[in-house]
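A, B and C are the chain letters, set down in written order, and residue numbers restart from 1 in every chain.
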Amino acid sequence: MTRVLEVSGVHKHFGGVRAVQGVTFTLEEGRVVGLIGPNGSGKSTLCNVIAGMEKPTKGTITFDGQRIDRWPAHRIVERGIAKTHQIPKPFLTMTCRENVAVAAMFGANKVTKPSEALETAGRVLALVGLEEKTNMMSSKLTVQERKRLEFARVVGAGARILLLDEIFAGLSPDELRDAIALFTKVQKEIGFGALVVEHVMRAVLTVSEHIVVIEEGTKIAEGTPREVVENPAVIEAYLGVEAPHAAP
Amino acid sequence: MRLPALRSFGPTIWGIELFIIVLAGIARWIPDFLLTVLIQLLIFAALAYSLNLITGLTGYVSFGHVVFMAFGGYTLSFGVSALSLPPVVGVALGAVVGLALALGIGAVTLRFRGVYFAIATLVIAVAALRLVLVINELGDGQGIPLNIGFEPLSWFYTISVILAIEVGLTYRITHGRIGYGIRSIKSDEDAAKTVGINAARVKLFLYAMSGLFAGAAGGVYAWTTSGVFPYAAFDLTFSLQMLAMIVIGGMGTLLGPMLGAVVVNITSNYFLTVLIGFQYIIIGLVVMIIALFVPEGIVGTLRKYIPEIRGIIE
Amino acid sequence: MADATLFVTDLAFGLLLGCIFAVIAHGLNLIWGVAKVVNVAHGEFIMLGAYGAYFLNLYLGFNPLLSVPIDAVIGLGVGVLFYFGFLHRELRGKESMGLQSEMVTLVATFGLALFLTNAAQTLWTGNNVGIPWSPGALQIGPVQLPLGGIYVAIVAVAIIALSHAFLSKTYLGNAIRAYSQDIPATQMIGINPTFVAAVGTAVGFCVTMAGGALLTVWLPTGINPSLGNLYAPISFVIVVLGGPGKMWGSLVGGLTLGVIINVGQLFLGNNISLAEAIAFLTLIPVLLLRPEGLLR
């Protein structure tokens, strides 16, 4: 049975600031959905709300029909939804292997034996290409490697829906190409669903089957990558004027 | 909690438990004056291990830990004098009271971070003293004296058992699955929640355990000092001593609290005859130096700079 | 009518007490606001300020009020020493204190507190001392108030107001405030963060020790090395009540506490201990419901 995340009419207000205003969309296990929008459009906030770090002011979020919008973050992770941090937050006093093992022990799979979790962690790290750094202290990783560790951690947590907050940011064209390839490979192998929140157009348009566009907290467009890119409202949101050739 | 295979126990836990067992075994042949010194050492070690469970493992500095010790003492004193309970039962009750108190206080204060948590625990300890002063059943400000004689062997066996269980529990916690959760919380509590760790529950569990053992130790302490008197029982110096012990020994380590207890107790006993209060000048200085320059304490620093030791001392 | 007089007297006392509470907490507030650290040894510096005034009185016959500026100057020096001893390493180059650094400072200043309390005890014994200065009482209608307390309250509020003026009207003061809000930004506009932080800390200690001197007027027989154990928690509660870093927060917090203790005990059967317990425990609901403090 495919697991389904439904975001329904979600609002998030911070005092007078309406960061998210009535957003609705669906995300299924196995599908990759991109979430794009100009700076400050509310993408990250929406992600945080789904992950349970913030509670929605209005609206509901259900996972497999069960309402999760009032749940604490750790419970949502146990259910199978995990989010990466925009600025990676590894457990600096632990090795990469231990970082991922923790996720395995406390995430959706709740592995009970540390030895088992450590072994699983090794395999996940190999899958994301961090094999050489497995037993290295996470404090010694570069920023890019830390981003990959974040990815490894949510995979290790056994999440079936991943919320990926700008994991393609700050990469050189070569690194980007490798990262896109890696992501696609891992996604096909493990079969999770993902919400890819991105600024890097090339990445998100490549990996996503479906795109949701947000501007100033509201959804302004939704569709396949091609549809979205040719949508005048989207073009206007990004460029402010009509520009017929905005597609990469 | 399943017990892991005996052969997987490390040298440190073996060492500490054997030390306690051997001491208990030869206890009846130890001369009384030495026994009382040892008893005090073990009580303070038990207190140090209790603070270690929360402050050492999670980094949440508790300045008000004396509260659990004091109420443990009051429970024992009340139980023995008003309810005629055997002292050991009183100690056990002290543990229960400590546990309950910690659950109550922790449920509220563990929501606060860092400095605010520290201040909240301090304020609760200060308020608790004043509350106890006005409650009639608790001696109405005069304390509860006990009519118990000198029973060093009973004291010794009781505190040995408490300490042995406590150290064993500390070992089990730090080596099991929950140990990883604790390290994650200490490293980055928010990130820990995002990998599924119920940080609130873990912290509360640790705090409750620390309250339990501090309460038990406090009960034994009251037993050895023939009663409990409010200003003495709630003296913040106890909290300070507990903190000093784990800072010097090494926070979060298994051997640290014991080492710290030895250091603090020896200096205390030595200087008690020289100048009252002088030992704290030394201890205060040592704590300052350690906090600023070698924050890992004795055990932590040894482990950091001598890799060969890591498998042996923890 | 006796009840009303008692109430008004207690209220007035509470306000006067609140003022002295406020000024001894104010130093902590300043340092907390500037360096975002809590000095566990805060009470000990109050104690040192009190002893300073005591000795100035003992050997030079100085009136405690006269000792205030002297203690203040000493406090400046002490503050600079404290900054470089404890804070400089942790703050240098960083945006703010991390949790690890926070813990280090908590523990280090705790060691300092232990050291200072017991050094004082060894040097000056634990006996209570004090300055026997009693300028009499002021009668306002049916209410009788101690003149000493009134003088202290005036000086206390003056000190707080002065510090506020310094921080908001002078260039250096504004630099300190900018530093407390955004360290990298102050660097960008050419302010030396070390200098600013050191001065900010120095001002904090200056106020603290001045407060200690003022305290001697309220405690003519109660100066001893352990007085930090009482006044540190009081200061912490006051700063949290008023809001850390908020200038007038110290006064708000101090007056609140002073009134709760003095007026509260009236309604609790003259039970000072209970009133004090309640006053201290107000910290908890404030932290739970309004952690930024009562002041908006």
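General observations
Quick note on the criterion: contacts are C-beta pairs under 8 Å (C-beta built on N, C-alpha and C of every residue); 3 or more make two chains touch, one makes a residue touch a chain.
Worth saying up front: this structure is predicted, and the values here are computed from it rather than measured.
Steps from chain A to chain C, taking the shortest chain of touch contacts, total 2.
Of all chains, the one whose mean C-alpha position sits at the greatest distance from that of chain C is A. Of all chains present, the one whose mean CA position sits nearest the global mean of protein CA atoms is B.
Separating the CA-averaged centres of chain A and chain C is a span of 48 Å. The distance from the centre of chain B to the centre of chain C, each centre being the mean of the chain's C-alpha atoms, comes to 32 Å. Rounded to whole angstrom units, the spacing between the C-alpha centres of chain A and chain B is 43.
Across the complex, chain A meets chain B through its residues 51, 53, 72-75, 77-78, 82-83, 85, 89-94, 98, 101-103, 105-108, 110, 112-114, 117, 153, 157. Of all residues in chain C, only 37-38, 40, 86, 89, 99-100, 102-104, 106-108, 110-119, 121-122, 126, 229, 232-233, 236-237, 240, 271, 273-274, 276-278, 280-281, 283-284, 287-288, 291 touch chain B in the complex they form. The touching residues of chain B, counted against chain A in their complex, run 176-177, 179-181, 183-184, 186-188, 190-199. Those residues of chain B whose C-beta lies close enough to touch chain C in the complex are 59, 61, 63, 108-109, 111-116, 118-120, 122-124, 126-128, 130-131, 133-134, 141, 236, 240, 243-244, 247, 275-281, 283-292, 295.
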